[in-house]
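By letter and in written order, the chains are A, B, C and D; residue numbering begins at 1 in each of them.
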Amino acid sequence: MRPDRPEAPFGRRETEVTDSHRDGGYRVFTLRDELGPEPIPGQFYMLANAPDWPATTGRPYLPRAISFARSDSGDSGITLDFIIHEVGPGTTALAGLAEGDRCWLAGPFGRPFSIPDQVKAGSHGAILVGGGIGIAPIAAFRRRLVEAGVPSRTLLGFRDVEHSGGIDDFFGCEQVGLAFEDGSRGHHGHVTDLLATMLAGDDTGGAVVYSCGPPGLLEKVRQMCAEGGVSCELALESPMACGFGACFGCAVPKPDGSYLRLCVDGAVVRGDEISSAAPGEIQ
Amino acid sequence: MSRLRTSLCGIELESPVLNGSGTYDALVARDVFGDPFIRQFPFAAFVSKTITLAPRVGNPPNRLWETPSGMINSIGLPNPGLDTFLERDLPRLSELPVPLVVSVMADSGEDFARLVSEVADSGRASAIELNVSCPNVHSGLIVGEQPTETEALMGILRPLTKIPLIVKLTPNVAAPEEVARAAEAGGADGISMINTLKAWAADPESGRSWLGAGTGGLSGPAVRPVALAQVRQVSSAVAIPVIGMGGITDGESAFEFIAAGATAVAVGTENFRDPAAGGRISAELERILESRELDSVEQARRSTLT
Amino acid sequence: MSRLRTSLCGIELESPVLNGSGTYDALVARDVFGDPFIRQFPFAAFVSKTITLAPRVGNPPNRLWETPSGMINSIGLPNPGLDTFLERDLPRLSELPVPLVVSVMADSGEDFARLVSEVADSGRASAIELNVSCPNVHSGLIVGEQPTETEALMGILRPLTKIPLIVKLTPNVAAPEEVARAAEAGGADGISMINTLKAWAADPESGRSWLGAGTGGLSGPAVRPVALAQVRQVSSAVAIPVIGMGGITDGESAFEFIAAGATAVAVGTENFRDPAAGGRISAELERILESRELDSVEQARRSTLT
Amino acid sequence: MRPDRPEAPFGRRETEVTDSHRDGGYRVFTLRDELGPEPIPGQFYMLANAPDWPATTGRPYLPRAISFARSDSGDSGITLDFIIHEVGPGTTALAGLAEGDRCWLAGPFGRPFSIPDQVKAGSHGAILVGGGIGIAPIAAFRRRLVEAGVPSRTLLGFRDVEHSGGIDDFFGCEQVGLAFEDGSRGHHGHVTDLLATMLAGDDTGGAVVYSCGPPGLLEKVRQMCAEGGVSCELALESPMACGFGACFGCAVPKPDGSYLRLCVDGAVVRGDEISSAAPGEIQ
């Protein structure tokens, strides 16, 4: 069963950046969206600094897909927080936005996370697994579960301190399990180690696993869940040109050899809807 | 918007702005954006993605690569195949508030014939666009690269229907005007151009092909100067109308295509950056005509021809 | 810079980075920048602008139009003609600290033959580049668009000299690999590509042609994806080396051409933005080879071929 | 006889913007060039905000030719003032530079103005005619003439106040003849009216006319001088891709039907070296 999703305002719109600050290795910035509906965790927006970007050598040219990490609706519209990991020209330009700047956005787009009961009738809890910049939709979803009174436990993994951020700001008020691959904080190793321990425990029966992070992590989670008979939802990434089903560029292989369009059939998918969460790595 | 009213192959349009085939999924957009999408429908006619006889899943990822002022795609024409299209999609597409153009492609004259006659017989398409950027399974030649193949194909298809047949040209040729002349000689009602330019990108890590299909097609503002040259060359070689496209992003670039001889224009890649680009471009174009005291697109087109 | 050492058609080069013909005037640059220009000479070999038998003044202005991530030129090959070139320019060009490639063009086999033999006989050119993007005055066909014309031309020129003959391909064809194969069959030692893509721009005021010559040629990063596709196609079709160009701006884009199969690369439009681009790109390319633990450009090229 | 010109440092270089302010309808900004030679009035630079510009839709892509309006050499290099008229994406980007920003530059390029004696042996004075943004090289040249002790008189013309600027800053200390087409200041009409009056006077024998401005103005000046037997030098404009003779794009028709390359054979030319200073307008 798919959760309802709000209709996105038709077209793109200009918004104001109301805050931007560094958080660990990431940049967190906030927009005020006066026109949009409240998005549902797992959804994303297509963002650009300007209708044509302030581009270097003609790139960035297309808008970039970014998940929201927090939304609040108030008198002057929806306030949206994004967490950015700078990996190329698009994310670098977005990270350069400062208070008072404008940002162009379309969305919210995509299929959001389902609450546990929608994934598996009668399920009584959620295990959230975020890796790296994948913590963004996990943060939004965790908050939603709290509001809905659904018990959840959160596990977050990072490569090292330079590749981490947002923990205190977005998860600080709650106990989270942390794993750092370089051992600088929390468990010394992978976040999937923590998940394995948790799944091996006897109090997880019926819990649904939700994950977002790098392809390797998602595929590991997918396989662990499949083996353990645990339902899971994964928020995937893929290159996206449009975000609203127009370009067919965001293909992700399905078990039957065909492809789903991640921007409309995802970005959140059930583990059994795809043939792999890391297809590039097994090519 | 009366200044924008355009007659294209006998179809009366509110504006000369269409979409490029394969760059908009109106049925999904209707779900994503809701009623405002229908009320502010961005195009004066809707061109479907290219339909083939059998269903196609499309190419393996990666399918996209961003380039300076453009992008490469190797989507591979995913589509549900003719039967499902006719049953499931066509009825819904014909409910859109604008005339419908159905794009079809096949690798033989026989398959093309089935596509054209069944789409025409449905009575739901105002025109059919023939995507000829594909090899003919018999000759091995890409139809749209060969005037003779194009004219032969038109010889098969023209007798099948009276609704307008528009031939979509590939730009990867030395002389597009020769293919256009052959299409016209074979009875085509219009020419649509340009399709994407053959392009390649290296995987930044391995140095091998980034795209799952090896090569892909370049589109966006980067190709606009090439598209303009070809539209100009073709529109001065044939009497049938040309639908110009390739990197249109705003009213000004749409006007450039009209100055080059196009009767109508189509928006492709810009839709990805701005889902409402079609309507914006129509409005911008109207303001340009107004400020130049031109009463119609046709007048604009004629005013720049020497 | 030993990692960058490249052997091209038997010519030993310090690096694989050349200039595109017509995109650098080394004699003027020597005056403008003085000795540092010679000491830091930006290219591993210098390719002259295209020389014709008779002098040409070039096309009327406008000759330039900036496009998204690129530019259109309609320069029209201004040059002093063969005699003045041999007497006045060639001696000075041969004093440059790198091997010299002389680019020539003619509209008949006879004129091409005179250009090739006189340049070769001067003893000052390490290689000759044949610019075949022009119509043959007898057949009316553009030589570089026709495999047969290209092979016939090589049949005339090949016997005239032993120094390497490099054929510069036009990209405005459906199958550049067929022209390249014909050049190879006719005895060419190398292929140089791509020349500019046919392009047009409207005068923003009148809507008529902006360029004095009507149409022009597109270059710069906008064309890079097209150039890469053609270089890849050609280099897998012929055994002779390919000099790849089209939108190279940095070491990374130069590396993409090598990944696509090029033995050497050439910098064109980027010279206009950065007069020292050639040297910068060589240095950047060396760092890329280093970080990938590749000992040579040749090894890089082979490592990405499947 | 051509004046010597300094060699430009090979390649392009990064400089610092030390000031930027609005001046009437124009923007004036200052760079510190630590590497360059002192340029000669009439020369120009190729400028870009960054190696790849901060471009919108891939334009600006090429650097833009800009004349310097003042140069001062000091301990930390040459200080260069530029006056910018915003007419498109390139000039708008340059006008957006603020103190502390970086600017990339190549040059100085081109043939500078000659002093009167070089143009015509024994000439005893200069008449400077600037129109619109063409006042920039005129300002630099006027200062040089003062330093060289050559008497000069200056005439400046503008369309209206919105299309004017730099008068007080660059010419304030000296008497200049002003003409505004809309009559808002000085003579109500064209600057060539002032020139006509001056040439009709009997004290101009032997003076050389120097002009920079829109093509129509330059062609008018050229014809007036030809008719009056007065020598003149004109600083022309044309689209330029490179500025150093590499692209052959900056062709200007010569009387013999061939073309000169404006960036090396100009941008300052003698009136009799060209067939028209406004070829586009008579095409």
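By definition in this document, contacts are C-beta pairs under 8 Å (C-beta built on N, C-alpha and C of every residue); 3 or more make two chains touch, one makes a residue touch a chain.
Given the structure is predicted, the values throughout are model-derived calculations rather than measurements.
Two chain pairs, A-C and A-B, are weighed by contacting C-beta pairs, with A-B ahead. Of the chain pairs A-B, B-D or A-C, the one whose interface repeats that of C-D, sharing more than half of its contact pairs by residue number, is A-B. Subunit B and subunit D have centres, each the mean of its CA atoms, that are 48 Å apart. Centroids built from CA atoms put subunit C at 34 Å from subunit B.
Annotation for subunit D: residues touching 2 or more other chains are 52, 55, 57-58, 61.
Multi-chain contact residues of subunit B (touching two or more other chains) are listed as 65, 67-70, 220-222, 249. Subunit D makes touch with subunit C in their complex at residues 7-12, 48, 51-52, 55, 57-63, 106, 109, 238-242, 244-253, 257-259, 264, 279-280.
Remark: subunit B residues 22-25, 28-29, 31-34, 36-37, 40, 49, 57-71, 73, 75, 78, 220-222, 249, 269, 271-276, 279-280 touch subunit A in the complex. For subunit C in complex with subunit A, the touching residues are 68-69, 221-222, 249. Residue ranges on subunit A touching subunit C, taken from their complex, read 57-58.
By the touch criterion stated above, subunit C contacts subunit B in their complex at residues 65, 67-70, 72, 142, 145, 172-174, 197-202, 204, 206-208, 215, 218, 220-226, 228-230, 232, 247, 252, 255-256, 259-260, 300, 303-304, 306.
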